[in-house]
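Presented sequentially are two complexes of subunit A, the first with subunit B as partner and the second with subunit C.
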Partner chain A sequence: MKARFEKYISYPIGLIIALSIFSATLLAMGFNPILSLEALIKGSFGTVFRASEIFVKVAPLLLTALAFLIAFKARFLNFGAEGQLYIGALCAYLAASQMGGLPSILSVPLVVLASFAGGVAWLAIPLVLKVKLAINEIFPTIVLNFTAILLVNWLVTGPIMDPNALIPQTRAIPRETWLPIMIPKTRLHVGLIFAFFLAFLIYLILQKTVLGYDIRAVGLGPRAAKHGGIDFSRNTIIVGILSGGLAGLAGMIEVLGVNHLMIMGFSPGFGYQGIAIAALGRFDPIGVLPASIFWSILLIGGRSMERATPPVPIHMIHVLQAVLVLSVLIVQEFLTVRRQK
Partner chain B sequence: MGQSTGEKIERLVEKLRGNKGSGQQSRLRKLKPGESIIEMRGITKRFPGVLANDHIDFDLKACEIHALLGENGAGKTTLMNILYGLYRPDEGSILVQGEPVIIRSPKDAIELGLGMVHQHFMLIPVMSVTENIVLGLKSAREPLLDIGRAEKRIAELSEMHKLKVDPRAKIEQLSMGERQRVEILKALYRDARVLILDEPTSVLTPQETEDFFKTLRSMVNQGFTIVFITHKLPEVMEISHRVTVLRRGKVVARSDTKLTNPSELSKMMVGREVAINIEKQKPEEGKVALEVKNLSAMGDKGLLALKNISFSIHEGEILGVAGVSGNGQRELAEVLTGMRKASEGKVYIFGRDMTNLSPKKIIEQGVGDIPEDRSGTGLILGFSVAENLVLETRSMSPFSYRWFLPFAKRYFLDRNEIHKNAERLIQEYEIMTPSVDAPARNLSGGNLQRLILAKVLSRNPKLLVAAQPTSGLDVAATEFIQRKLIEQRERGVAILLISEDLNEIMTLSDRIAVMYEGKIIGIIPASKAQIQEIGLMMTGVK
Partner chain C sequence: MIEILTLILSSSVILAVPILFSAIGETYDQRAGVINLGLDAIMSLSAFVALMVCFSTGSYLMGTLAAISVGGLVALIHGFACVTIGINQIISGLLLFTLANGIADFLNTYLSGYKVFLAPLKAINIPGLSQIPVLGPILFQQNIFVYLAFLFAIVFGFVLYKTTWGLKIRGVGENPEACDAAGINVNRIRYLCLILGGVMAGFGGAFLSLGYLGLYGSGIASGRGWIAIIVVILSSWSPYRAILGSLIFGLGYSIAANLIGIGIGVPSYILQMLPYITALIVIIFMFKRTKGPSALAVPYRRK
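Up next, the complex of A and B:
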């Protein structure tokens, strides 16, 4: 009971610490922190549209957080969600653009599969290197992020660029493949429900199935797991597939739900932010729900801080996010150490 | 060696740096032999579900060897961790030479002149002896290291106290005995005057123990004071001047060693009289359960660790493997359980060729294993007690089910059944744990071993491999485990018992194989075995 309380108390404490540091920094830079925070809150909740934008961002953030988390449970560190997201989006776009005329009920699932496969394909090399040759996954997954981004940049500035467009982007995908909007006059699409559903599914897998047991066993005690008959390679491959696939789905959500086309630099680093969100949510598939929502509030609110007078640079929001993750984790660590003493 | 290097480094840094050393407390002054130097008064420490220390009074006099005796889980380590600043007591106070002190961290303790050698060494395997010893200390040439000077000082200390070790060797190349010397040197290098040694002999061979005792005696003559934690009575009688006995977190006796005797101490330590008296029925010759033919395998360092080994075990028979550890026993157990590949030879289990199959296949064939490395191989410390108990049976009925996928494998865990199973087993195996959902990490050594035993025996194996099943355990746990092994033998289970404890081998085995340098030197029926003869074979004399 006490441990559970401490688990949650770290959030308000961490938030207070982070906001104090943030305000102090703003003051030092000559801004009024009260006005800035007011802009942040109004900017994120001021109107229905703005509030809906929070959840538009939650969908991809939640999926990349889950992607990192599921692999992390088996101690496979997938730092390549950003690249897998780009390739997932690319596959979603390529598949969707072939599906004009097909009913949504057929086309959307096919596109979903394509993006999942794309994400997995992009993780395949690090995964095989890890399982077959015991090569650490960190470097290969990071490097492939840049490869993916450059590949997509090249494609949208040339081979698949819309000849009539003024900026590097493709033609729109057929209407039938767009994800339905849930609230009129907003961009809030059903992808959000899909992401929530996947979070719940990952929770079920980890807690209620033999597979989840095996994954956690491999992560917490690889040698004892092997000794108990749990196959390291098999489980690493499974989490790799889930992880790469989830990141690919995050890309799909952006294409089918928000942009409806491929555009250069469409991801503001969702893949990397997923890692921070996974940590903020204590690597728990339910914990990442509030974490991703909170993260998204800062993203959306941060933009209106930028529009306030005088404008606070958007980078300050990134500072706030980083300080927040650090303070929550430090407070948690501090509480655990103190409890053990 | 269950923990990762990362974890070790973290704990080390915490240990060495401390949180915030006050730096103002006085060091131990010049000591007169017999003068009281440390007094712990009314120390109480609670952990979730356990009262580890219950109003303990403990005092230490200069230049004595003070034995702290008690079973596993009695609270010895906790008490000394409090003295060393690793834990804060919930109640009680500590006085050093009559002055009250607050020890917030190991840094404070070190400043006072205390040094502690933990049961599990806190050394970084890839670093050299010298690097480990100076870790966390300021060097004279800050920010540069001064390894040369440190090496010289370590060589001096090691010469002076007869703690032989090469300052340039990497920790991972050293034996357990040598690592212990490094730990002691580490404390001496920090000018410790009082040494706390937590079950120091548990990692030593009998020969090493003798040398180690010589070192301790000479240190006491030079003015050091030693707290000697142990649960072995003969050692208390041999080396200590005074003894404090703990049972279930309380002091039950305190005496000059000369004024007491082993049977009295043992009664107080256990709370009842124990006499391990295990009776065996005559073996019934069953089928051949395990047959090993010309088996060879590589060790971790790429050298041949098993050399052309052959033997067999029948159902209902215990084959004891005697030998000084490090002579291929661990590798043998690992090959049999699928954790290590054989380079040559065959393993037949109930007539089936199981050579180099996966642990999973071998488990399915009815093989159970009680590994030497309990916390790293036998259990997952981060898993709950209940989860650990189904490690090998999780995908079987009733712990998992198919749901509405009748043809599929059993995909879904039945938390209820897993919970019930655990409740039953902690009763049957007398496992002390706050709850079945508590992580295994919180259990003491004896309870971890009971947990492993419950995990393995609850699935009714037909062939059992048990490596050092009672090493480091107290009398009660040892007796419990030995009885369980005999019970299995009577059920017709074939058992390969690997143990360094010759008495254990002699009492339990039907036949005894002696291993030396990766070979089986000989196999003798237990009825004809002489302890001296086996002792000689173990050391390669015969």
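Up next, the complex of A and C:
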């Protein structure tokens, strides 16, 4: 009971710390923190459209968080979700743009496969280096993030740019491949359901299958797992494929569900935010659900803060998010260590 | 042709500087057993602070001092989270990255009314040496930051390998229990190294805005902090070898920048990939043989 209580107490404490720092900073900068918070809450729940925007953002955030946590569970640190997301989106775009005239029931699954494969392909080098040469995966994955973004920038400003567009972007993909909208007059598309379904699927894999048992065993004690006869390479390859694929799917969701084309810098760091969300959700596939929703509320509310007078730059929200996760982790660790003493 | 080569080599020395500053600081971090992945954002933030303080006080020295103080302060947060409390250093570093970038972008937008441009620090020609053909312009016609970076690298190497301080730092990263038993305050050394790492990243950032560009743009470090950590591993945690490591990447950045300038028909985005592709190749061929400090990323708690 006490452990259970301590498990959750870190969230309100963390939130209080984060909000205090947030308010103090705004106050010092000459803003009114009360008005800013009011704008944040009204801005995220004020209208149906805004509330729906929260869930539009949840889909990619949830997928990148899942991508990080499934690999993290098996001690594989995939910091490359951002790059895999860009390549997944690119593959989704390239596949979708060839599918004009094909019925959605055929084209969408093919596009989904393409983006999954794209994400996996972008993780392939770090994965092979890890499995074959035991090279730490953090730096190859991060380097490939920069490379992927530059690659997409090059493609959308040159080879696949729409010649009639004024800004660097591609032509729109055929309408048949657009994900259906769930609530009229919003941008909320069925990709959200897909993301929720995948979260549940990852939960099932982790908790109810032999594979999940192996993954968790490696995460909890690699030595014991090795003695228990778990094949490390196989395990790492499987979580790598799942992780890269999920990040690729996050890119697909943005192309098919929201933008319907490729554009420079379409991801505001979803890949990196996924890592923070995974940490906030205790690396648990169900825990990242509320974490990603809360994260998204802050992002959407932050946009209204930016429109308020005087405008508070959205980056204050990023500061708030970082402080929040950091405080929650610090409180959790503090309580765990104290209990063990 | 010789002019172009001189230009490329001379700017690769310049472009190695921010990487070198951060890399030698991070070397101390990691030698003491703490990894700081927030380096890139600390560089951006301190570049911004350096520019603003220098602009309002008119003093490059004040700008640099402000930048290194901010670098040290941000590193202190990492110290509290990872050394005192002991949360996952990788996650904490990434949050630090978000935090420092957020602060930099916030301040930059908040003060966006002021578009600040400064003349980058002037080069100091070393008498005599700067007159040597080819070598002179490459090595001895640079600004103070450039000389400082290479000087620091040598001093850091000396301290690490030849002094008791260095021995303690290396010991704390290899076997904290033994150091603790010998009466060394493990966490104090880790804190000091972390602050030093932040200060060095601050120097790197100050160089970017005051010594090189004379302006600030969001995410000004653009991956140099990450490259610096790769240099640390590539140079197997030696400040001396970090000089060579950062020159390799300086060359990559320099070739990219100068070829973009000349305009050889290769798209600029492709050329910008050059340092990252260099990094990937370096990782593939060099990382296999390196072995880091044994207690890297492991928090120390007294049993």
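The rule is short, and it goes like this: the second predicted complex is superposed on the first by the 341 of 341 C-alpha atoms of A that agree within 3 Å, B and C clash if a C-alpha of one lies under 4 Å from a C-alpha of the other, contacts with A are read in each partner's own complex, and residues count from 1 in each chain.
What we mean here is this: a contact is a pair of C-beta atoms (placed from the backbone, for glycine too) under 8 Å apart; a residue touches a chain by one contact, two chains touch by 3 or more.
Everything numeric in this text was worked out from a predicted model, so none of it was measured.
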Based on the superposed arrangement around subunit A, label subunit B with subunit C as either clash or fit.
clash
Tell me which partner A:91 touches in the superposition: subunit B (first), subunit C (second), both or neither.
neither
Contacts of A:242 with subunit B and subunit C, given as first, second, both or neither:
neither
After the superposition on A, what does A:108 contact: first (subunit B), second (subunit C), both or neither?
neither
Based on the superposed arrangement, let me know which partner A:321 touches: subunit B (first), subunit C (second), both, or neither?
second
Between subunit B and subunit C, pick out the one touching the greater number of residues of subunit A.
C
Determine, under the contact definition given at the top, whether A:117 touches first (subunit B), second (subunit C), both, or neither.
neither
Have a look at where A:221 lands relative to subunit B and subunit C in the superposition and call it first, second, both or neither.
first
Touching A:210, do we find subunit B (first), subunit C (second), both, or neither?
first
When the two complexes are fitted on chain A, the stretch of subunit B hitting subunit C, from 95-103, 131-139 or 311-319:
131-139
Doubly contacted subunit A residues - partners subunit C and subunit B
none
Over in the complex, which subunit C residues touch subunit A? Could you list them?
37, 77, 80-81, 85-88, 90-92, 94-99, 101-103, 105-106, 109-110, 223, 226, 229-230, 233, 267, 269-270, 272-273, 276-277, 279-280, 283-284, 287-288, 301
How about subunit A: which of its residues touch subunit C in the complex?
29, 77, 79, 125, 129, 133-136, 138-140, 142-144, 146-147, 150-151, 153-154, 157-158, 272-273, 275-276, 279, 313, 315-319, 321-323, 325-326, 329-330, 332-334, 337
Sites on subunit B touched by subunit A in the complex:
86-88, 337, 339, 358-360, 363-364, 369, 371, 373, 376-383, 387, 391-392, 394-395, 400, 409-413, 415
Complex contact set, residues of subunit A against subunit B
208-214, 216-217, 220-221, 223-231, 340-341
